[in-house]
Amino acid sequence: MKIGVVVFPGSNCDHDCQYIFQDVLGQYVEMIWHKETLLAGLDAVVLPGGFSYGDYLRTGAIARFSPVMGAVKAFASKGGLVIGICNGFQILLEAGLLPGVMLRNTSLNFICKDVYVKVENAATRFTNQCESGQVLKIPIAHADGNYYTDPVTLGGIKANAQVLFRYCTADGKVTPDANPNGSLDNIAGIMNADGNVLGMMPHPERSAESILGNEDGRLIFQSMLSSFGKPELQSRLIGV
Amino acid sequence: MNALVITKALLEQHKLSDDEYKKILEILGREPNWTELGMFSAMWSEHCSYKSSRIHLKKLPTTGPRVVQGPGENAGAVDIGDGLCAVFKMESHNHPSFIEPYQGAATGVGGILRDIFTMGARPIALLNSLRFGGLDNANTRHLLKGVVSGIAGYGNCMGVPTVGGEIVFNDIYALNPLVNVFCLGIAKKDKIFLGKAAGVGNPVIYFGSKTGRDGIHGATMASDSFDEQAGQKRPTVQVGDPFTEKLLLEACLELMAGDCLVGIQDMGAAGLTSSACEMASREGTGVELELADVPRREPRMTPYEIMLSESQERMLMVAKAGREDEVIKICRKWDLDVAVIGRVTDTGKVVLKEHGQVVAEIPAKALADEGPRYDRPSSPPAYQEMLQALNHDALPDVKDANAALLALLDSPTIASKRWVYEQYDHMVRTNTMVRPGSDAAVLRVKGTNKALALSVDCNGRYCLLNPYEGAKIAIAECARNLACSGAEPIGVTDCLNFGNPQRPEVMWQFVLAIEGLKDACEALNVPIVSGNVSLYNETNDLSIYPTPMIGMVGLIEEADRAVTQWFKQSGDAIILLGQTREDLGGTEYLKVVHHREQGSPPLLSLETEKAVQACTIRLIREGLVQSAHDCSDGGLAVALTECCISGSAQRLGAVVQLPLDGLRRDALLFGESQSRILLSVKAEVAERVLNVAWDAGVHAARIGTVGGDRLVIQVDGDQRAAGCKIDLELTALYDHWGLAIPRALGQD
Amino acid sequence: MKAKIHVTLKQGILDPQGKAIEHALDSLGFKNAGNVRVGKYMEVDVNEPDCAKADVQVKQMCEKLLANTVIEDYRYELQ
Amino acid sequence: MKAKIHVTLKQGILDPQGKAIEHALDSLGFKNAGNVRVGKYMEVDVNEPDCAKADVQVKQMCEKLLANTVIEDYRYELQ
């Protein structure tokens, strides 16, 4: 699989995403400077985490005007796979590729810790290697992950099974206590109606190697690969 | 050059003594102008010139087979094999953080990061050592919140994980908090960059942010004591811009990947002045700069302001002549301001021009290296004997050990720092194998099988009671934290925070502490490769405790062998390495329960320490160890508690049986005897582990078993052992240890 | 000309910052204070002598970048 | 009464946000825009009918909490 990882000024999980796809999963990865206007020959695009443009003004607000975002929109509209992680999710929201906005965490603090998310829909190109209802342990690291949208939109994405991940307890209960940031309906990740654009706040790339003590996040990347018909990964697995 | 009347008041403002001024006259052969006076003042400040400390720092051991770069450059570098080296350093930002905690701490992080990436290393980890007053004080709470969010704000945005640190709360730091930040980066061994202005005719290039009027006199302020008028020093506050620094980092690394760069240095304290004169001085060259070409944020800045501004996120580099366009192109790609502002010369002088007119001219060496050096008088304070006297007979032994343990767990110095490190991104760059919360942070080194372990440590109270022993213990404990993860120490950086060096008792503390660091480093065979001195940490004439903060780096050859401090499995055997003595002096127990900070710090035998650490590392390497945790603040009872409840995945209880062996009950449970490490091992290898230890000459005993949902510590012995039993539910222990800090902050 | 721009959260949108400040004011003893709302205030120099043109430009800046109109309102004055 | 409070960075203090926004406006084609400064705008209800007393309170809130007077200025109106 050919994967493009977009580098915005201020991206800081770009290398981490590159490492997972290239060094751990053995895929072909291209780093894409944000001034690029063409995305040719790629199977999937990653918008990595970080602080694009320092997250000044609003998270993702400036990055969405980067030249590359026009290409990302075109890529997505032709059905290309796009995954936005953390800041990448925030950019997808600002760019209108996914509905809703991010508010500040209710604690106002940046929060970095492991959380549990429940897979709400396992029949997608991002989750097909998970069981429906499966609980994944994946870390979050953000100050603005408090997802919000209007009730009509919320109703729509729920009805359409676009909510892929919700914050939950270790045993899979979606409770207010399990919600780390005040996110509406405990939403941790959503996809678009066409099912090819995913935004999620937790960082699967940080929990995809046994040497880091957790491989749950890997299921998401493996799902992406398998949706390209490559369930048998020729991956160079590190630390297994 | 405009004439200037040098008055006493003007010199005082610039913190230059009469003798120092005389020396300036000698060097120049004339009176300095205002700009030159300012430049001397900044470069000869304590902060930049180390005038009170330099002759003592020379005693520190700084060499070894792994040392690639020792003190003197932006940071030290140590060989870790595979063609790589670890580049690291620690810095203080105490005074700025007291004035404006968020920005002070943030710009401290910014400064130490630049020190690392100017060397050609990509920063991969930050740690921080903090000292505050008691949390019952509203201003301390404000400082703590501000400092923590400042560190988070900068480090998180940069994408460099903050993987560890330590915090001590003591009223002595209430009006003089300490904010020390440590950074480590990885560089190719043959691609280390130095701050050298080599090659006459080569262009001197400025890049990064524009220059504003921020922080003028920051370097002299860092050498200021505070008084009630601290508020008036406020305009010197600098605002950090981590986004620009991130661009600066990427631009630097991209420039360094090519071959157009000759030398590079960041503009830290004393801004353009220090970078220009130090780069020239190191190489024996001169530089000539045109100030009109310096990118500026504000109109009508004078040469004085331009040269002394401490605007953040700026760099100075010397490139190969003719390669300017390449450099400019890369800087522009990263949206940075960039300008060729001068050339390297062979005059040995820093010459500054404004629109072609010379506005300052000073020999570079004189500014950078020939500042004053003082051998300041030192003598022990009159109260030293009183401090050390501790009559054990006057201290009632513990009657309710459960209550004493809970009180210790409530002490914010001992309590979990989770509230702090959850605000730091400690996982970005996906190297963090052991996150904050264990004795040392462990990071794998991508592309190798190795890992690095990092720890920062210092017990200021020990150093107050005995500066020599306290400093020794700081080194020993730091190394012990590394050993508990399975790492061999390979290098040290320090940040020596002391009071006013013009007080003989402060100099006495300083000199003894240096002796202690030296002896401990030599015994443990680990060099000091970088460091920083922060003096004048006093407010209203009250000096802080001597606090020689230590940052240590350790190497683990096989990353997957690293262990953490918490228990792993029911049924595992608990083994204590090392011996418990009657060490109550200077303990947290004495402070919390008896409200005394007195006595002699625990005895440390460097020989024993070395044996215990070597034994632990060996056992871990052989894969025999499930968990390892050293006994420090709060002694054995607190260490056992932490083994039970500090793991994030699960909590596991323990049943422990200790012999009293003629000790006091409190000394057994809460005494801080050195060179002790708690291991948990699979029951079937317990015997073997004990044998390995005894064969290595290390005292070892099986003291209990992991399991259950309580911590039970029984003490056998005579009648005197009564009341000494600890028996508490893990949930109760966690309710104190885990929540003490958020509770004190009203955020539980 | 100078544009003075206010960006505020729409009515009914949760304001975590406002809430936190309200809470802090309360614990500082300002029992009278309530209903805190936090927004942004920006000043932008617009080098355009024609008032009407400047107005169009500032409006576009707000719509495109300065406000997220899903949750925020904006208003501005030109001076 | 309602207090409308503006908190802005002091003259000469670096405004990283303003800088980034300026840059963004420029690349969006707003070549006329410059010198962007970003501050906070807050509204606080003060349940105190006496104007003079309310004034004292709001001033204190600003000094103690709402503004960081080391680097920020504030001003307010009461309505």
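For reference, chains read A, B, C and D in written order, and residue numbers begin at 1 within each chain.
In the analysis below, a contact is a pair of C-beta atoms (placed from the backbone, for glycine too) under 8 Å apart; a residue touches a chain by one contact, two chains touch by 3 or more.
In this text the structure is predicted, and so the values were computed from the model without any measurement.
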{"item": "Chain pair with the higher count of C-beta pairs in contact (A-C, A-D)", "value": "A-C"}
{"item": "Centre-to-centre distance between subunit D and subunit B (centres being mean Cα positions), rounded to whole Å", "value": "36"}
{"item": "Intercentroid distance (Cα basis), subunit C paired with subunit B, Å", "value": "41"}
{"item": "Where subunit A and subunit C are represented by their mean Cα positions, the distance between them in whole Å", "value": "30"}
{"item": "For subunit B, residues that touch 2 or more chains besides their own", "value": "241, 243-244, 335"}
{"item": "Sites on subunit D at which at least two other chains make contact", "value": "16, 20-21, 24, 28, 38"}
{"item": "Junction residues of subunit A - those touching two or more other chains", "value": "53-54, 56-57, 62, 65"}
{"item": "Chains that touch, pairwise", "value": "A-B, A-C, A-D, B-D, C-D"}
{"item": "Subunit B-facing residues of subunit A, complex", "value": "9-10, 12-13, 15-16, 19-20, 23, 49-51, 53-56, 107, 109-114, 139, 141, 143, 203, 205-206, 209, 211-213, 239"}
{"item": "Subunit C to subunit A touching residues, read off their complex", "value": "13-14, 16-17, 19-20, 40, 65-66, 68, 70-71"}
{"item": "Touching residues (chain side subunit D, partner subunit A) in the complex", "value": "16-17, 20-21, 24, 27-28, 38"}
{"item": "Residue numbers on subunit D that touch subunit C, as the complex places them", "value": "6-8, 18, 21, 24-25, 28, 30, 32-48, 54, 57, 60-61, 64-66"}
{"item": "For the subunit B and subunit D complex, residues of the former touching the latter", "value": "99-100, 102-103, 209, 212-214, 234, 237-241, 243-244, 297-298, 311-312, 335"}
